[in-house]
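Please read the structure below before turning to the comments.
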C-alpha cells in the first residue's frame, strides 16, 4: 500500500497534491559530505516549472525549493533530507461543475473508485505537480552520479508527426536540449514541433509525443539479475510518471521483427577495453549495465485536459458533458525532460549504492582512489 | 541489493539457476484457506517447459513442482509456501570454451563485471530457467484472482514479420491460445509463425516477437497514485523477464502521434454501470484500474544463442570467436505466455490485497458477501 | 540504509534534526475518509513538548503541527499525509567548545565514526526532538485504532528507586496519567518521583526510570508468525526511541526463573468468550495477539547531558573535559508517554491493516458491519 | 504482511513448519566470491539440533543442510543462496486430541484467531523448528563478519535460580560455551543448571532462563540514526525468536535506577584509540556501534509443553483439559546459543553492508586494503 516511496538503498518518499499546501520529498540513504544546497535543486525545478515558455501552461508558480533537514554547513550529513516546495497559484475557483463529473482521460473516476471520494481541485495527487518532489530528489542523485562520471540527458524526440532521431544519443548535450523551449536538440525539428504545439492549442486540442533518455559513463555491473534489473527499474520509473504509455530500450519494439544474427551486439576491443560493436542492447544485458550508453524511449500521451466540451458521466451515474477550463499544457513533452532525468538518476544512483554494498571490490576497481560521494 | 523478491503485500522470493540443484520460490502473504496443491502449479509449468513442442528447445525437463510448506490438508495455512522444482537435464559438458568467452547478447560479460566472476554453466541466474519460480508463484496468484472474477490471458501477437492484432483482446481465451504450439490464437497467423520459426532454426538463426496480455474482470480501483501505479508495476514485471525489450499499454507508442481529442476515452453508461466508450487507456487511468480490460504488449528480442560462429572477446581481453552449441529456442515467444501471465497475476494480486488493507469499504462494495480468498 | 521509515502497510517516514528548519513526517498507506486535522495531532505534541512543566527542560517550543497534504475537506484522502513542525527555539549559540568534543553518553562519537563528521548543534538527528515526527504520525494511527475499539496508554512506573506497579494495567486511564506532570497515575508515587527529579536537577545530575504501556481492546489475531511478531515489532519500536535500554512484555525477565507450570496461562471461558485465566503472556502468544491486554515495560536511561564537568576525548584524539550547558530534562520519563504510545499505535495499526489484507474473513468476523476506518 | 523476511541489504526469507517437508531459507544480497559449502552450515545446525545431549528433547533429526543455488565451484556467486533442511522425524501420530484443543502457552489459539484454522501437527510455523532456517542463514553472515574481524558468541547465563554473570563478556569463547551441554561457560554453574534441568524434567515441568550475547571487534559506525538503530534491530531479532520475553543491552533495566553521572561512560584514550572507560552502553550510543563490545541479554520463558494435564478450552468454546505428549526440551536455553548468534550476525552483517553503501570512505578507512567479503 505505501506507494509513495521509490528506491531501495537511495530512496525518496513524496507527498503533496496539486492544490494542497505544498509538495515535499524526503531523501533517505544519502551519503554524507556532499556539497548540497537549494542552488542544486532550483535549476531542474525551473526546467519543470509551468509558465517557463509560450509552449507550456501559463500558470505561474515560482516552485522555490526549501531544504528542511539533512544539510549542515553546506554539506549532506547522511541523515534524511526533506525538501519542501510550497504551492502558490491556488486560485480560488468554482469547482461545482467539475467536482461531480469525471474528466475524460483523467484519474477522477479511478480515484473515486479506489478511495470512495476524491480531491477534485485539479488532479489532486494524480496531477503532474507531484513530479516536483521527484525532480527535487533527482537533483541530489544527479550530483552523486556526476561524481562518478555519469551523465543523464533527456530530450524530446517526437511531437505528433514530427520526429527527430538522434544520430548519436550519447552526443546530445544538456545545452543542446535547453537551447529551444521544446527541448528538442535539433533546431529544425524543434521549430516544427513548436508550430504544431501552437496550432493544437489554437484548436483547443493537445498532442502526444516521445522522449529519449541517454545515460553515459555508467560502469558495467549495475543491476540485479532477476526482478531488480536496471531495465525493469527504469521501466517502472518511467511508467510511474503521469501520461507515460510506453517504454522501450535499445532497439525496443523493433526487436520483435529482428533476427538474432542482426540483433546480437558483438563484443570488440576498443581503446584497450571491452565494448560492443553496436548498441542494440541499449546499454543493458541481462538487466545489468554493460558500460555502453543506456538509451531508452518513452511515449507520452496528449494532455487529457481540453478546452472543449466532452461527453462524460457524473458521480450519480448520469450521462452529461464537461468543459475543462483552466490553463493546460497543449503538449507535455517540453516539461518532461527534467522529470525523466530525475527518475533515471534515482534508479542509477540506487543501483550504484547497492553495487558497492554487495561488491565492494568491483566497485573500487571501477572507481579507484576513492574521493567520490 | 536483495533483488530476488517481487511484490509488497503478496510477495515472491526466488532462488536458483540453470545448472544448480533446482529452482525455489517462497510465496509470502498468502491468504489462508485456499485449496492448493501441486496440481494447481503443474499446468502452467508444463506450458513453460522445454521440449513441449517442435517449436521450442528440445531439452527435456519434467519440471515437477514439489510444495515444501504452507499447505495443510489441501489448503493454504497463511504461512509461506515454498515450492521446489529440481533441475534434471544437467548434462555433463565441456565448458572450457565458453567459460572464458562472452557470448554476444547474453549476460556473461555484465555478470562478470558486476560480481567479478560468473557461473558459466548455461546462463546461470540470467537464464530464463529462473522463470520457473515466477510461474509457480503466479499459479497461486491466479487462483486468488479467479475467486475475484479476474482472468489473465497472454498470447503471441507477432513473430518477426507475422503480426496478428486481436480484434477484441478481451475475447481471447486460454483455449484459443493453447490450440496451437505457437500460442497465437489465430490459426492462419499461427501457421505462418510456426513456419517462420522452423525456417530460422534451419538457418541457425533466431527471431523476435511480441506478446499481448489481457486481464479482464479487474475491478476499478486497484493501484497506487504515484510510484506503484499498476502500469508501473506491470512495466517492471514485464521488463524483469529475460529478453523483454519494450512495454506499452492501451494505445502505447501510438499515443505519441495522437491528439487529445482522439485519445481521450469518453465516459458512458452501459448496462447500468460507468464505462468508457473506447479503451485507448488500456484499463488504467492515473495508474489505477478503471474496470475496463487491462491490455498491454511486450516486445521480446530474438534468442541470443545462435548455432553459428560469432565474433567476441574473452576474459583476458582478447578478440576471439565463439560457437554456442546446445539446444535453444529459435524463438522465445511460444513459451512466453505462462511467464507473462504469472507476472501479471502477481501484480494484480498484490494490488488487490493492498486495496483491501487500505480501503476495506470499497473492496467490500466491489465484492459483497465475502467468500473470496 | 534508508532507516527513516517504519511500518510495512501503514508506514511513516521522518526527517529533521534538533537545530534544522523543522521536523516532518510523511504517513503513507492511510485509509481514506478519516476525519483528521491539526487538532488531532496537537494534543499529543503538547504532551511531548519541552517546557510543559517544572519537571522537564525549560526550552520553549510551541511545536505547532501543520498538515501539508493528504487531507481534503477535513478528511483523509488516502494519499500520503505530510505534517511539518517548525523548530523555533534555535538559539544562536557558541558551539566552539562542543563541536570538537564528544559528550559522554551521547551519539557524538558514533555519528562521527559513521558519517565522518556530525551536526554538532545539539544532538542533530540523534536528539529526542525527532520524536515529534513519530508522535505526529502516531496521532493518526491512534484514530484508526480508536475506531476499532483499541486504546493505548503509557505511564511512568519508575523513576530511580521510586517504583509503582499498576495493580491492573488495563484499568489505567489517560486521565490518570495526565493528572500529574510526572505521568505516574499513582498520586503518592508521583509526588515522590517529582521530588526525586527536582533533587537530581539541583545536583546537576539526572535519573533513569521505566514506563509501562498497555493496549486494550486488541483483537486476537494480529501479528506475523516469524519475524514480524507483534512482540518483535514492539521491541524494535521501543528500542528505536532514544535512551530506551530494555524491553520486556508480560512476565518478561521474571520468566527466566519461572517454571512452565507457573508461567503457562490456562485458557478459560469468560463472558461467552475464550480468555486466559492470567496474563503472564502479556497479550501475545507466538507473537500473535491473544485478545488479552498487551502489556510491556521499557527501561529508559538517565539523561546523558549533565551540567557538570566530565572527562572526555576530542576529535583530535586528545583527552580533555566538557561541560554541557543548556536546558535539559533531568529525567526523560515525564515526556516519554506520548512517544511510547505513538510507536505502539503505529505497530498495531500496521498489523491491523496487514491482517485485513491477508485474512479478510477473520477481520470481518471480528469487526462485523463495517464502518471502521 | 510478508513477515517471513528479515534484513534490508543482506536479507533472509524463510519457509517451513515443524511437520512439513522441510525448512528452507533464501539468502539474498550475498557478496560474491566467499568460500561457502554445507560444511559452513552444519556445525551451527548441529548445535541447534534436537537430541544432541541428555538435556534437550530426545527427538532425533539429522538436520542436514543442502545448498540448492548460489554457490559455484565452492564460492558464492552473488546470486541468492537457497538452503534446504528436510524434516525427518515426522512420526505418524494421533492428533485427534490436540487438533481441537488449545495448548496453554502455545500459539494454537492465536493462529486459529488469525487464520481461521491451524496446522495442528506440532507447532506448525510457530515451532522453534523454523529457527533452522535462521541458523542456516546466519552461518553465512558469520563468515562475512569473521572476514571483518567480528566475532559473535552467545552463552547461557541463567537457568531458573542459577545465574552466572560473566566477569568479562568479551573474554568468553566459543570453546568455553561448547565445553558443557548447558552452554554455560562456567563449569560449576553449568553443573547446577544441568541438575536443575534434569530435576524439572523428572517433575514433568520446565524452566526458563536467560542468555548473554557478545559481539566483539565491531567497528564504530554501524547502525541508522532513527528507526534502524542497531539496538532496535537486535531487539526485534531477539524478540522474533520463539519464547524470548525480554531484551536489554548494556546496563539494561538497571538504567532505570541509575544516575546519569554513574551511567555515562567517559571517553578515554587507550592504545592510541578512543574508547570508553566503562561499557554501560553495551557498545551502542544513539543506536550506532561505538567500537566497544556489543553486549545484551535475553529472557527465555520455560517451555510451554508439559507432560502433565492442564486445563484449557477447545475450538468449540468448551472448557476441557489437555495432556501434551511428546518429547520436549525441559529448558530451551541449551539450544538457544546458535539461534541467538545467527540473528545477531544477520543484524550486524546487514548494517555492515548498509554502511559501505552509504559511507564508503568511512568503511574503507576502517578496513583498509580491501580483501574482505
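We call the chains A, B, C and D, going by the order they appear; numbering starts again at 1 in every chain.
The criterion applied here is as follows: a residue touches a chain if its C-beta (ideal position, glycine included) is under 8 Å from a C-beta of that chain, and two chains touch if they have at least 3 such contacts.
All values reported here derive from a predicted model rather than from experimental measurement.
J.: I need the common contact partners of subunit C and subunit D, sorted by label.
T.: A, B
J.: Which one of the chains is farthest from subunit A, going by Cα centres?
T.: D
J.: Pick out whichever of the two, B-C or A-C, is joined by more C-beta pairs in contact.
T.: A-C
J.: Round to the nearest whole Å and give the separation of the Cα centres of subunit A and subunit C.
T.: 38
J.: Just the number, please: Cα centre separation of subunit B and subunit C in whole Å.
T.: Here subunit B and subunit C have centroids separated by 44 Å.
J.: Would you pick out the residues of subunit B that each touch at least 2 other chains?
T.: In subunit B, residues 1-5, 8-9, 14, 29, 32-33, 78-79, 114-116, 125, 225, 353-354, 357-359, 361 touch at least two other chains, as defined above.
J.: Would you mind writing out the residues of subunit D in touch with subunit B in their complex?
T.: 1-5, 7-11, 13-17, 20-24, 26, 28-29, 32-33, 66-70, 72, 75, 77-82, 84, 114-119, 121, 124-125, 353, 357
J.: List the residues on subunit B that touch subunit C in their complex, please.
T.: 9, 29-33, 78-79, 225, 353-354, 356-361, 363-364, 370, 372
J.: So in the complex, which bits of subunit C are touching subunit D?
T.: 1-6, 8-9, 14, 102, 104-107, 109-111, 113-116, 123, 125-126, 130, 158, 160-161, 200, 205-210, 219-229, 231-240, 242, 244-261, 263-269, 272-274, 276, 281-282, 284-291, 299-306, 308, 310-313, 317-319, 354-355, 357-359, 361-362
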